[in-house]
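For reference, the structure I am asking about is given below.
The chains carry the letters A, B and C, assigned in the order they are written, with residues numbered from 1 in each.
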Amino acid sequence: MTGPRSSRRAELAVAALLGLAAVCAAGFVAVYALDSIGHQTQLLGLTLGAAFACLAAAFIAGRRLVAGEDAEDEYGGPAPEAADEIGALVEESATGIERRRLLAGAGAAAGAAIGAALLAPVVSLGPVFDLASMARTPWRRGRRLVDETGAPVAASAVRADEFLTAYPEGANPEEIGSPIILIRLDPATLRLPASRRSWAPQGILAYSKICTHAGCAIALYRAPLFQPVEQPPGLVCPCHYSTFDPATGGTVVFGPAGRALPQLPLRIDRAGNLRAGGTFSGPVGPSWWGVRRGRATS
Amino acid sequence: MLAACALLGAWTASAARAAGGAQTTPVAQGAELYAENCQSCHGIGGTGKPEPGPVNGVGDVNGFGPSLAGVGALAADFYLRTGYMPLRSPTVQPRRSTPEFSPAEIRALTAYVASLAQGPAIPSPDPSQGSVSEGMTLFTENCAGCHQAAAAGGYVPDAVAPPLGSSSPLDIAEAVRIGPNLMPRFSPERLTDAQLNSLIAYIRTAQSPDDRGGLALGHVGPVPEGLVAWLVAGVVLVGVCITIARRPA
Amino acid sequence: MVGRAPRKGDVVIRGAARTVDERTHAAPFGLKALRYLFPEHWTFLLGEVALYTFIVLIATGTYLALFFHPSTAQVVYHGSYAPLDGMRMTEAYRSTVHLSLDVRAGLLMRQTHHWAADVFVAAIAIHLMRIVFTGAFRKPRELTYYVGLTILTLALLEGYLGYSLVDDLLSGMGLAIGYAVALSIPFVGANIGQLIWGGPFPGTPDFWSRMYIAHVFLLPLLIATLIALHLTLVASLHHTQFGGGRRTERRLVGLPAFPSQVPRSLGLMFAVFAALFLLGGLVEINPIWLWGPYHVGDGTNGAQPDWYLGWLIGALRLMPAFDVTVLDYTVIPNPFWGGVLFPGIVFGTLFAWPSIERRVSGDRARHNLLDRPRDVRWRTATATAFLSWLFLIFLAGSADRAYVLFGWSYETQLQVYRVLVFVLPPTVFWLTLKVCDELRRNEEVVRNRHEAETEARAAAHRT
């Protein structure tokens, strides 16, 4: 236990700390009121934090002023007699009932049914049983490509080593089926699947911008300046670095994605603008149970 | 090996310069510098070397590199001013370093490269003409994927997209038009000069962002924040617990 | 107190106590509560750190809710922050930017709230480590342990929802990943995703209402109830204690709640408040005005979730590229392993730990005394190895920044991590066993020496 001298010192220290806390708190109000003071957030945090810190120090420094001695007690234990009495109480109340199993079964059925009934309205939250909307995108055959401002994208606007983001004309740009990346590769370097030979007029390629791994936007285009020493062209997702090869139809060449990037067929209309030649080569966005590797439904 | 040869080349070049070369025009001076420092990878007359192999008369240096015909003063100025070039090894990613050439030498080399074929001139960006908000939109749409939303740099398999903290408006203007290394490029048709001014205006603000929230932990997001939560708050509060429980001696 | 004249304050307090008791009949309970004994050791204060952080979360969170608009309506920004001017964004994002940049003390409250969330989970984790390493989860406290683990699980979800409500670029990307993880659950993944989001990502505006109500009402209510249950169980069973001195399995020695524990706890509480508000004012966290709003077609490099979900990113990135398919059908999409199975294993192990230990050690007795970690070497070694595995995978999530900062090849790092996740935990297990053994051997040596010296002294006295 502390002696009388050190205890009086502790009392003074506690009083001083409490006074300091008051000053800091007043400082907080002053800083708050005087908007002209710069670094508002820092000063507000500093004054309020300091006020609490002084309060903390006051209690910690003064804890022995009020402290009692260590005390002893006994650990309680379980009370099996009382528990048994509860059991007996319940049993006694049921002595008058004969058809226990019938009532228990009926009660369980009622409970389960009411539980299910109460849960049923949860289904309204979304199209739980209709997964068709997941495979739908706004892209249709003939739909024009537009940029962020809504202006049509001309084929000539897509140059080698550049990349563009495009959207379907008239559709909501905030659906995962909407954004696509446009790049242009030398047609001689393309090794697309046989069914997609006509999908890349002049070597212009369009791919879904949404990664098939976890749904982030594929915001990186790796465009080598000098091919012999650098990595080949690639569409890369910044979340987990899944890399897709645009020359081979979006196959995965690095990273954890398990499914190729869906490709959109393109054609060039009479005005020289780009239009979709159909729907994607596969479902857009992250995979789910049963998602087929075939065509996305319209 | 390559490093030794390049160093040797540079040393003899500067020795020759010190001896007072008789070249007069910048293009001619540039041609001489080119022959001594760049030819082994970019080929005689800047025609490029698509495969590794020695260039006639330049010893047994196995460089290879792209053609410089048509890259213009813009590219030469960028690569030389930033120290990206000369490159010690053709397979290593160029990184910003102290330029090996003096500003006068850079001008000479740039004039020479520009003379090889018609190419873009050195741009004159003016970020004060740009709109910061337009720049932020453009940056988010086109650059953040590699360079990170606050221009703190990022990873692209298999290279680094450098942080832009020390990039000047000219650096940015030139890099955007070139698309160095794995970076895609943005031609004036894709990104007009006015849009480029806006982009640069935004990047300038990202270099000294609005940090009114306090000490910025590198502007890279939750990882340093988690470290602070554990190593500052966690350590301090555990320390407070230990202090509270301490018995007087 | 005997032998001292009553001071005026005493009379007032006694009068107040009587008045309250007359109207509540609560004095006997109050007396019992004031006499409740707390163990002295500092590790027993760790749970309180989490509790006080929760109080800050509620207080600052309430303030934020007075300004935040949980709406996905598209608006155009024309506020005080120039770089965002003219940008399309949701009202949720705009109201958070407004709160941060234009409302006095708004940024302090928002940053304190976010720091408190990070510290809340860290405090629970440190507290959990103390529980596991000292065996406090053993009979009769298994229920307390399960309740605490549930609080931890809910805290992760609560934090995720909280920072996702803001709809900035980083958290929007995080929601897309959450959607993909939900979708990766076999059989029902897509149905669950459609249910929660109201349709394919990014979902309907209803989804934002759901996140909001879950974050400001449902989960805080649930967590607060579980905390109350947790504290009630702790008090009902009494705290455990370390052995030594007069402390035994039956005899409890500690500090009475009043007057000894109260100043300790209050001091700790204000220290927690101080730490959080100091961080909230001095260290910037989640500067959403720098990231910009989320759009489905935008992405940024180096996006990470908050630390308490960051341990999953490493797992997602380490997995080799494969969807489990049967012919044309996808059976298990890739994010399942890192996003569902990995946390499932971690939390499943934590929940099953008391049962596993009971089966392996055969110890079904009640325990009020705690173990010293070195005395239960196999549990300490298992727990340490488990933590090292977790931490390694966590670290793997930073491999891209390591490449940018130090130039270590990303692919090589991945390969190294993929080997280490199998090699490191057994190594750590073995090392921890050795350390425990060494510590105990040292203690034995010291103890033997002490006994020998005492005996020698006694012998010297006899002669």
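Following the convention adopted for this analysis, contacts are C-beta pairs under 8 Å (C-beta built on N, C-alpha and C of every residue); 3 or more make two chains touch, one makes a residue touch a chain.
No experiment lies behind these values; they were computed from the predicted model shown.
K.L.:
Tell me, please, which two chains come out on top when C-beta pairs in contact are counted per chain pair.
P.N.:
A-C
K.L.:
If every chain is reduced to the average of its C-alpha atoms, which one ends up farthest from subunit A?
P.N.:
The most distant chain relative to subunit A turns out to be B.
K.L.:
Taking each chain's centre as the average of its Cα atoms, which is closest to the average over all protein Cα atoms shown?
P.N.:
Chain nearest the centroid of all protein C-alpha atoms: A.
K.L.:
Report the inter-centroid distance (CA atoms only) between subunit A and subunit B in whole Å.
P.N.:
Chain centres of subunit A and subunit B, defined by C-alpha means, are spaced 34 Å apart.
K.L.:
Using mean CA coordinates as chain centres, what's the gap between subunit A and subunit C in Å?
P.N.:
Those two chain centres are 19 Å apart.
K.L.:
Let me have the rounded angstrom distance from the C-alpha centre of subunit B over to the C-alpha centre of subunit C, please.
P.N.:
So the centre of subunit B lies 43 Å away from the centre of subunit C.
K.L.:
Could you pull out the residues of subunit C that touch at least 2 other chains?
P.N.:
Where subunit C meets two or more other chains at a single residue, that happens at 40, 107, 111, 264, 267-268, 271, 275-276, 279, 281-282, 297-303, 400, 410-411.
K.L.:
Which residues does subunit A have that touch at least 2 chains other than itself?
P.N.:
Touching at least two other chains: 40-42, 45, 56, 60, 63, 165, 217-220, 238, 241, 254-255.
K.L.:
Of all residues in subunit B, which are in touch with two or more distinct other chains?
P.N.:
141, 144-146, 154-158, 212-214, 240, 244
K.L.:
Which of the residues in subunit A end up touching subunit B in this complex?
P.N.:
Touching subunit B: residues 2, 39-42, 45, 56, 60, 63-64, 148, 157, 159, 161-165, 217-226, 228-231, 234, 236, 238, 241, 243, 254-255 of subunit A.
K.L.:
Across the complex, what residues on subunit A touch subunit C?
P.N.:
Checking each residue of subunit A against subunit C gives 32, 35, 40-46, 48-53, 55-60, 62-63, 66-68, 70-78, 122-123, 125-131, 133-134, 136, 165, 167, 173-179, 209-210, 213-220, 237-242, 252, 254-259, 285-294.
K.L.:
Over in the complex, which subunit B residues touch subunit C? Could you list them?
P.N.:
132-137, 140-141, 144-150, 152-158, 160-161, 163, 202, 205-206, 209-217, 219-223, 225-230, 232-234, 236-238, 240-242, 244-246
K.L.:
Write out the stretch or stretches of subunit C touching subunit B in their complex.
P.N.:
Its residues touching subunit B are 40-43, 45-46, 49, 81-87, 100-101, 107, 111, 115, 118-119, 122-123, 126, 169-170, 264, 267-268, 271-272, 275-276, 279, 281-287, 289-292, 297-308, 310, 398, 400-401, 403-404, 407, 409-411.
K.L.:
Along subunit B, where are the residues that touch subunit A in the complex?
P.N.:
Interface residues on the subunit B side: 50-51, 64-66, 90-91, 141, 144-146, 154-159, 178-187, 189-190, 212-214, 240, 243-244, 248.
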